[in-house]
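Encoded as structure tokens, here's the structure I'll be asking about.
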Amino acid sequence: MRLVRAAVLTTLAIVAAACQKKSASDTILIGHVGSLTGAEASFGTSTENGIRLAVEEINARGGIKGKRVVVKTYDDQGKPEEAAVAATRLITQDKVTVLLGEVASSRSLAMAPIADANQVPQITPTSTNPRVTKDGDKTRPYVFRVCFIDPFQGTVMAKFARENLKLERVAILRDVGSDYSVGLADYFKKKFEELGGTIVNDQSFKGGDQDFKAQLTTIKGKKPELIYVPGYYTDVALVARQARELGIKVPLGGGDGWDSAKLYEIAQGALDGSFFSNHYTHENPDPLIQNFVKRYREKFGGTPDSMAALGYDAAQVAFAAMARATDLSGPAVRDAIATTRNFPGVGGTITIDSDHNAVKSAVVLGIEKNKARFIATVNP
Amino acid sequence: MAPLRQLLRSFLPFLVGVPVLLSAQWAMEYSGSQAYTLLLVTVGVNVILAVSLNVVNGATGQFSLGHAGFMAVGAYTAAKITLGLAGFKLSFLPAAVSDQLFFALALAAAMAAAGLAGVLVGLPSLRLRGDYLAIVTLGFGEIIRSVIENMKSLGQATGLSGLPLRTNLVWVGVSALATVVMARRLSVSTQGRALFAIREDEVAAEAMGVDTTGYKVRAFVISAAYAGLGGALIAHAILLATPRMFTFVRSIEVVVMIVLGGLGSITGSVVSAVVLTLGLEALREFQAYRMVVYAALLIVLMLLRPQGIFGTHELWDLPFFKRRGARKDAGGAARAGGAP
Amino acid sequence: MTEFLQHLVNGLSVGTIYALVALGYTMVYGVLKLINFAHGDVYMVGAFAGYYLSELVGVRPPWADPPPGAGEVFVKATIVTMGAMIICGLLGYVIERFAYRPLRHRARLTALITAIGVSFLLEFGFQLSPLVHTPIEFPPGPSPRVFPALLERVGYEWAGVSLSNYDIIGLLVALGLMLGLQFIVYRTRFGTAMRAVSFDSEVAGLMGIPVNRIISWTFILGSALAAAAAVISAVSRPRIEPLFGLMAGLKAFVAAVLGGIGSVPGAMVGGLVLGLAEEYVAGYTDSSYRDAIAFTVLILVLLIRPAGLFGRFTVEKV
Amino acid sequence: MSIATLELEGVTVRFGGLKALLDFDLVMQPGELVGLIGPNGAGKTTAFNAITGVYQPTEGEVRVGGSRVNGRKPHQICARGVARTFQNIRLFRELSALDNVRIACHARAESGFFDALFLTGRHLREEARILSRAEEYLEVMGLGHRRDEVSRNLPYGEQRRLEIARALATGPKLLCLDEPAAGMNAAEKVELMELIRSVRDRFGIAILVIEHDMRLVMGVSERLLVLDHGCTIAAGTPAEVRRNPRVIEAYLGDAYLEEKQIAVPLPEGSP
């Protein structure tokens, strides 16, 4: 029984130690809830890197209101319950000024009521589901996002496919386990059919699958002109390879989940001729973006993906708002975030609208010779 | 007078528990500190899950890996009901009371629905044993999740969000208490002993008049119903029900809890659910290293104490608590020491 | 018809991978009656071992300039595959020796929990950001890595049905391994000892069979098989990440149970049947129910034949 | 004439091509003590399994208390009043002696899960009744002092007795004992047989006992049935069976008989 007692005592000691830490008054603590482990660890880690980069920069510039910024990150293993507990802990025990996260809408949805109830602003970098910032019909007062929402991105690609590419027949291959993917696919389908196109087939897979040939074989039989695969790069690259292996020559289409250097590394040219919507392009000569990419490479190695860029933007928007706010209380910072206008982020120029969504233009990128090329800007 | 005393005895744990919980809840609200509420809710729900799974895995000896599926059924059933009844109020009651009544209804429905799912999952247990049963129950859990992911009316991958906040310490406490009381009363009753008999020797149990098929299904149903209750409670605490909450990894976590606590030991399940939940929370500071530490601890703990923290015993069986009467029950003490 | 045949090819290709992993699973289970939950993760480690080895030996892709000659390809592919198998064999030995053996005489669930612990340790350990940077980055971290092309992919097309040398090699290797295993199990002294241990390890010990050594070797063999499966799978689907063994392990377990756990041909058939069932279900019906259907098939098969397709149903003697 | 406790009519059990039991007939009246003997593999345990529902007879009919029980599950047959012990002891090993017996009392329990969860009066009364009954059976079998011992820790002979106590606790009209004296020494065996007889007298139940040791079984049973290779080769009083050449042949082989020129001796005190 010594073991039990020892275990209980250790637990209590650690909890007590954790509770004792108080943020000193010369620092500003911000919280991040992310999936550092689990099936989506890749995305959470990217976001975390983006946030760390932003924090490092703001501190190099002298912090906010003369205070250093410190970020505290809690892992949620990709589970909504854990995200809620972590958010509660950051807000009530660590007393963070701003809460950043989560990547996935399902987890942001679990955090949002807590941010609202405790009047601490939450900015989600990449949760695209419209309901994240909405509680029923009314906008959640303390929850914001710096990314597109599903309807926007889905619609952009549908319009691009129908109006610019003049396509008639499109097949969809969605990740049924990801709310992001399902959302984009739904809105794409709606808009594309509205514009007179036909969805010839609507297939699905589950993130992490190794094999997509079953779905692709069926899609091939329906002879589409484009396959819309709104998913994450981790799966899309394999989808593309297997599509080519099956002799499918039509382009693929997707959303910002595609954006990662890994996409091209895995796809090995299989995506040439495909299109996807995104926030920005690494090729954009804008020094802001080039600087970000360069510093990210130096610090973490590798090219930042959209998750990193948006994590960076979320932190930047929060810092700018804190700097503008009269004081660092939740309501004051909230008001400041809500009045963000034309903020130059690496993921586009951000204006927060009355629904607390980021209004920004999307770019459509084409892939040629295993590299993304800018094709068009689509304004909201 | 006798029936009244009877009733009193039947509900005694609750007559003691509810006022304590109410005052805890009130103290929490009064002090304005909600810091630990959600954590305590998770602890409570894990206790419910562990103790209820123990009825099947520990007491009956059937290896089920589908607990998350039952949670999902309960969570979605309750969520659908509270969302559907969101606009209604019983006009003759204060709003808060009316809400809580509806929630009670939702919880009851969650238990019923999950229990029904338990029948479905319990049926294969009549033909399958051990690992075969484990993989089939795991499969059922995944099927349930898969169905939810594909149902538009259940919100697909996003799930049902915007649930009203209904779960509080009182609900969780009472539910956890009810689960423990259920498990305890079962274990000292003739029905519970019938379950143990199935675990020990199915052929002999059948020959001694235990309807093994019936009892296995009943164990599944009871266990599933309480898992559904746990699911409903957690959904109304984080105001969300999504398929992500109910993966087979969740089921495995619960199995880990009961084995670590000692298969068949109710207090073991309770202690291990509490320690594991709080321990993981305490380790949160370690970020990504947390899970590595957790995994290493799991292995070390199992190697040091293979029979689990409590073995098959309850807290009150341990030498520590029966120092006075220790000599009288030499058998019990020998058992607590464990086999070599 | 083309579509039907294409599905057949795809299904066999996926089923081959399931079968390969299931072979290792079923061997370990046959001897120890332990669900080696970490088997999928050993498979994952096998893929990463292959990845690192090919970085170390400097595997050049077929499109490199100048392209690697046939001899170079063969030598390096062999080094990578054998190396991965040896590394996983050692890992299997370590896992068995330190996590399972001390619990062998305990309740079987106990060993299951350490198996889960080992599985978590490997998964989450590999998800940590790199601590070592030279000569290789280890642990690999959560984002996926690209498995190098050890061998050029050659695609064939026949009446609209495409398949590749990867699929053919995979199937041949799986068949070869299955036959090899059958040979080991039924025609060698080691196999006889294995079967004896599987039947009753206590009595086998009394008969002078070195039970511990047999079990260790079974683990080493099973884990090496997982590594072989991982390399074959990763060459054709070159995305590897720390959690990609989880689903493969689960599917392999399903395949092994489907075929009758403990039976070598059963694992092979179970893997192929599962692969084909999934393929046709995903291809011809709503593909989002793919996993659900795989499990439904499993449940139905088990309800009709509780010991799997090739398993022997043992009636308990009363 | 009262209804027979057990009737088997032309019961045959086949496993694939193997006939484990062939055309087996047996009628047991209330309170009768019958012995079932035969060499290894003669089909004695198969007969038990056919009676208690573990195996389904391929042909023939089994009736308990006058009603047909073919196709019934073992627990249903147990509820009709047939209890058994096992050749290889099958106690609930990790449970106490008391719990082993209490589980058997469950067969006659009337309260359900609901009663257990809400501690209804019915449940409490039932638990009390079960406890006192279980203790009584333990006493009868001389195991009162072992009440709280984990059953796997009991000495072999006591485990055998505990199995009988457990079977008795199901409240049977017919008790089937499968080699209850196996592994005991001569003195213990005799003692056990006396005990079996006293149990029969005390509870007024019919007992069917499988025993290897012919001498022993002849001492206690009123009627004997001899099986060999699934066939009934003899039936009748011990004295009749003892002289039956087929029995002697089956048991000892011709060579032995010719050499020794003996018949199976009759134990003391048998009719």
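Which chain is which? They are A, B, C and D, in the order written, and residues in each are numbered from 1.
Everything that follows uses one rule, which is that a residue touches a chain if its C-beta (ideal position, glycine included) is under 8 Å from a C-beta of that chain, and two chains touch if they have at least 3 such contacts.
Bear in mind that the values here come from a model prediction, so they are computed numbers and not experimental data.
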Next item on the list: Count how many hops through touching chains it takes, at the least, to reach chain C starting from chain B.
Entry: 1
Margin query: Need the central chain here, defined by C-alpha centroid distance to the all-chain C-alpha centroid.
Written below: B
Check: Can you give the whole-Å distance between the Cα centres of chain A and chain B?
Finding: 35
Check: Per the centroid of Cα atoms for each chain, what is the distance between chain B and chain D, given in Å?
Finding: 42
Next item on the list: Averaging only over C-alpha atoms, locate the centres of chain C and chain D and give their separation in whole Å.
Entry: 51
Notebook entry, point to check: What whole-number Å value describes the gap between the mean CA coordinates of chain A and chain D?
Noted result: 72
Item checked: Shared-contact residues (touching 2 or more other chains) in chain C -> 124, 127, 129, 286, 288, 291, 318
Item checked: Overlap residues in chain B, where contacts from two or more other chains coincide -> 149-150, 203, 288, 291
Notebook entry, point to check: Counting only residues that touch at least 2 other chains, which ones in chain A make the list?
Noted result: 36-37, 41, 45, 176
Check: Across the complex, what residues on chain C touch chain A?
Finding: 2-3, 6-7, 10-11, 13-14, 17, 124, 127, 129, 141-144, 146, 153, 155, 157, 160, 162, 164, 233, 237-239, 241-244, 246-248, 278-280, 282-284, 286-288, 290-291
Check: Where on chain D is chain B touching in the complex?
Finding: 52, 54, 73-76, 78-79, 83-84, 86, 90-96, 99, 102-109, 111-113, 116-121, 123, 126-127, 130, 148-150, 153, 166-167, 170
Notebook entry, point to check: Which of the residues in chain A end up touching chain C in this complex?
Noted result: 36-39, 41-42, 44-46, 176, 203-206, 208-211, 213-215, 217-218, 220-221, 234, 237-238, 241-242, 245-247, 260, 262, 265-266
Item checked: Touching residues (chain side chain B, partner chain D) in the complex -> 2-3, 6, 9-10, 181-182, 185-186, 189-194, 196-197, 200-201, 203-213, 218, 222, 312, 329, 331-332, 334-335
Note to self: Which stretch or stretches of chain B touch chain A in the complex?
What the structure shows: 33-35, 37-39, 42, 149-150, 156-159, 161-162, 165, 234, 237-240, 242-245, 271, 275, 278-279, 281-285, 287-288, 290-291, 301, 304-305, 309, 318-320
